[in-house]
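The following blocks contain the structures, represented as structure tokens.
Two complexes follow with chain A in common, the first pairing it with chain B and the second with chain C.
For the complex of A and B:
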């Protein structure tokens, strides 16, 4: 492997890690607070990508300014969080918090399957590709290697902003404090007047919006087609499990580890590309079943 | 002000409280004595809304049984659970302020309530900036009491507050309760304990709970504690 290939692998890994991280962050936040592993998270990612790509294509064809690609991503993510994430929590998950985990998993899996069909109904099976945002930011040359600014700088910057923003929100904003309090001790939180139902709702909407934001940000870098949601949920689950369930900063580290592992596999052993993330997860979990940063029994985010 | 009538409470499918009925008036200090497993914690948790109940719990002229748990503290109820149950990621002062922030009280009112707590528990002022996860067990009990005081303008319920406190700290805790009583003659105090000796000087009435049934204790509390001294863990 020569040096420029090495660099390319590193850049691919970072860009991919930034996307996976965003989705994994939503997944781990929801798990940390609601104690539910939300398989439908993958659909929210896919729908974020579909909405951004199709609406983007439509508005740019109608002559709107290309820079609108960026606000479009944010709006799509927020809308999907509220319009899809809201009802999923309010109408479904709320009824099963006290049920066995197997049942919870089955319910979110059912939602995932339903949303997969909905996607096929709305967007069909042909791929969508809308790269205005990527083209707008151009390329950059690093040590002789050309790479897109969007993937090398913009995506990691957004991921970092989301990570720091979420941490500050949890630590400083009242709504964030309520999330932390309910996570640590639901009954004690209610005993000081915190409405745990509302906190669960808010958390799920924020987590869902993060999945959709991941999809929106991914859409300029890849063809949007059936199956991307399934790929992403398995991969982000690998990240979350590697980091330790509910670990926010840990998810960033695990995403980098898995992103880099995957991109080096692409260059060195392409036949293992799909397998490497799970090999990383397995080897971590064999040594530390609670994940790299997890503490057994701790209820914290 | 607080009136329970024919209250049964269940956790899961198990009925734990049976036909509980008693009253607390404004300004009362009432001890609830019972050995381990008698149902003291379950009774307080039922008043806070954490069990399935039948019967009636009236508070400040309002039926509370149909009120969601999160809406009860705002009526003026402060509750310090058995274990400290502080929010460990927050500082001591953040723990104190959270209840009044959630209740949406005005800034002036929030500051005034905090001052009241610091007046009754001056030691909390020195701990204010420390993470609540790092204070000692005894200090944590003081913080939990302070937190209960923030919303407890009408009723304060303390679940075995003296449990696990070293004698000096237990005296200090009792002193703080006396300061509270001196500054506020109207608030009702409802305190559980397995060892009645600890509350003798504080309570003006004693209720006894045994296997989920509450009876008013009409005798002097003397002599009751001796055979149960072993029940303090």
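For the complex of A and C:
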């Protein structure tokens, strides 16, 4: 493998990691605060992709300007976070925070199954494809290979912005500090007057919106069709578990690890590419069962 | 329990010859297809086709006056639940005729069970060549080709249209079909054009949402030909990403299942891509498109679903035509009486029937001989998506593994002059 191939593999790895990170971020944020592993996260991802692709197709067909594809993604994500994420937390999860993990998993899995059927009812079974955002940014040639600007530059930039933004929010903003406090010790936080219910609600809505944003960002690069939610939840769970549940910066590192591992596998041993994310997860968990950045003794699933 | 045993014993004493039955009030056919999951891109159009066909039959008064009803089994629900439903239909509901299934995995599981339950099972869409090569069945028939002629046809079309290539890479889905189809294709390629070098073999996960890394790697490798037997969303994504990044300008793409994505891909699929259809299936079939039966089906399907029929819809049509042909053959043989299940099964042997492609014959190993259609994409003013030109229809007879032989061994024994031995008809547009 010469140096230029090495660089190509790095580029591919980063582009892939950016997308996986966006989805894993919401999952790990929700787990960190609510201590619930939200399987329905995969559905929110899929619905984000479906809404962006179908609304995008409709408005571009009606002659609206192509650059609207970008604000559309944000709007779709925020809308799904509030309209779907809100009721899921308020009506369902709120009742099961003190129940056994198995029950929590079953409930979010049930929500996942219901939402899968809802998607099929609304969008049918044929794939959707809406790539205006990706085409708008065009291609860039690196080392004789064409990349899309969207995947090589835009997605990693968005991922980085979200990561830094979320970090600043949690450390500096009041709402962020409240979230951190509830995460650290829920009872103590409540004792000093923090409304934990509201913090949980907010966190879940933000996490759900992040999942939907991941789907929205992925939609120009891929076919949106039944089953994408299930695939994504498995992969992002591998990222979250590798990082340590609830670790936000850790998720970024783990996503990069898995993205790079996967792209180097494609270059060196294509046979291994499907396996690589899970091999990485397995070897990390064998040595550090709490994940790369997890704290020992934290509650595990 | 004892009574059932006595009944069974009493039944066993009856003469074993097939006895004609009274006409039933209605005839229920069980259809296993994908109604959920990624493969529903095939399963749902096939269900739509089945509905159209059965409505037409029932509007005309049913099958000899007997109305047909359909019960679906969702392959997308998973193997266990599919098999439970299959057994329930056969054992509790008395369904004796099944069309199953899309996935080769489903077919592999269903075939021995159908044999066990003694119900007629038509393998209406699955491609694995192994079913009849590794087992003998009495109750299981296939009304379309299998992977071997489908892959051989693709290779023949490539060799005829692009004879001067020296490197090839493959991007197939990482599951049975992706692996098996490449086994057949690469073995045949090695036998018929030994100097070609395979420069890359990629098997991305089934349902992979992104092929960017493979596409970067392929751009660096610059193969003359890229083969992909992928389908559905995987194929659409791969084609769009490859086209977007200019890979399709410099390389010949061969997509043996591309027919099922033509309309969906729209203008994203460039010109000059080699396309197959798992049989001679095409909504503008050059030999059938002027036929009123063909036109009526294509129009009804388009009206009903908003899309042109793709090969699974045509495969479903063939399954029905095979069943109807067997039914009338059995009635004739039985002197006008409504045929029993066994008479129907007998009639399937050596049956000749025709769907919306060329005529098919069922061989002694229960495998049908089906022609294979290939073409090259071209944009026209008539449709907002690529259609086919320079079409070739290869005769299935010479491309189907001879009875009793094993496919990989057989295609490995082919020689370079095999290209000119297969009967082919050519059509410009």
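Methods note: the second predicted complex is superposed on the first by the 281 of 301 C-alpha atoms of A that agree within 3 Å, B and C clash if a C-alpha of one lies under 4 Å from a C-alpha of the other, contacts with A are read in each partner's own complex, and residues count from 1 in each chain.
Operating definition for what follows: a contact is a pair of C-beta atoms (placed from the backbone, for glycine too) under 8 Å apart; a residue touches a chain by one contact, two chains touch by 3 or more.
All values derive from a computational prediction rather than experimental measurement.
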Problem set entry | Touching partner for A:196 - first (chain B), second (chain C), both, neither | first
Exercise. What is the contact status of A:178 with respect to chain B (first) and chain C (second): first, second, both, or neither?
Worked result: first
Exercise. Looking at the overlay, does A:187 come into contact with chain B only (first), chain C only (second), both, or neither?
Worked result: first
For this session: For A:127, select first, second, both or neither according to whether it touches chain B, chain C, the two together, or no partner.
Result: second
Exercise. If you count the residues of chain A that each partner touches, which comes out higher, chain B or chain C?
Worked result: C
Exercise. Regarding the shared-chain residue A:223, is it in contact with chain B (first), chain C (second), both, or neither?
Worked result: second
For this session: Could you give the residue numbers on chain A that contact chain B in one complex and chain C in the other?
Result: none
For this session: In the complex, go through chain C and note every residue touching chain A.
Result: 35-38, 40-41, 43-44, 174, 200-205, 207, 209-210, 212-214, 216-217, 219-220, 232-234, 236-237, 240-241, 244-247, 264, 268, 307
Exercise. In the complex formed with chain A, which residues of chain B make contact?
Worked result: 45, 48-50, 68-74, 79, 81, 85-90, 94, 98-99, 101-103, 147, 151
Seminar exercise, completed: Interface with chain C, chain A side, in the complex: residues 4-5, 8-9, 11-13, 15-16, 19, 116, 120, 124-127, 129, 131, 134-135, 139, 144-148, 151, 218, 221-228, 231-232, 262-263, 266-267, 270-271, 273-274
Exercise. Which of the residues in chain A end up touching chain B in this complex?
Worked result: 171, 174, 177-178, 180-181, 184-185, 187-197, 300
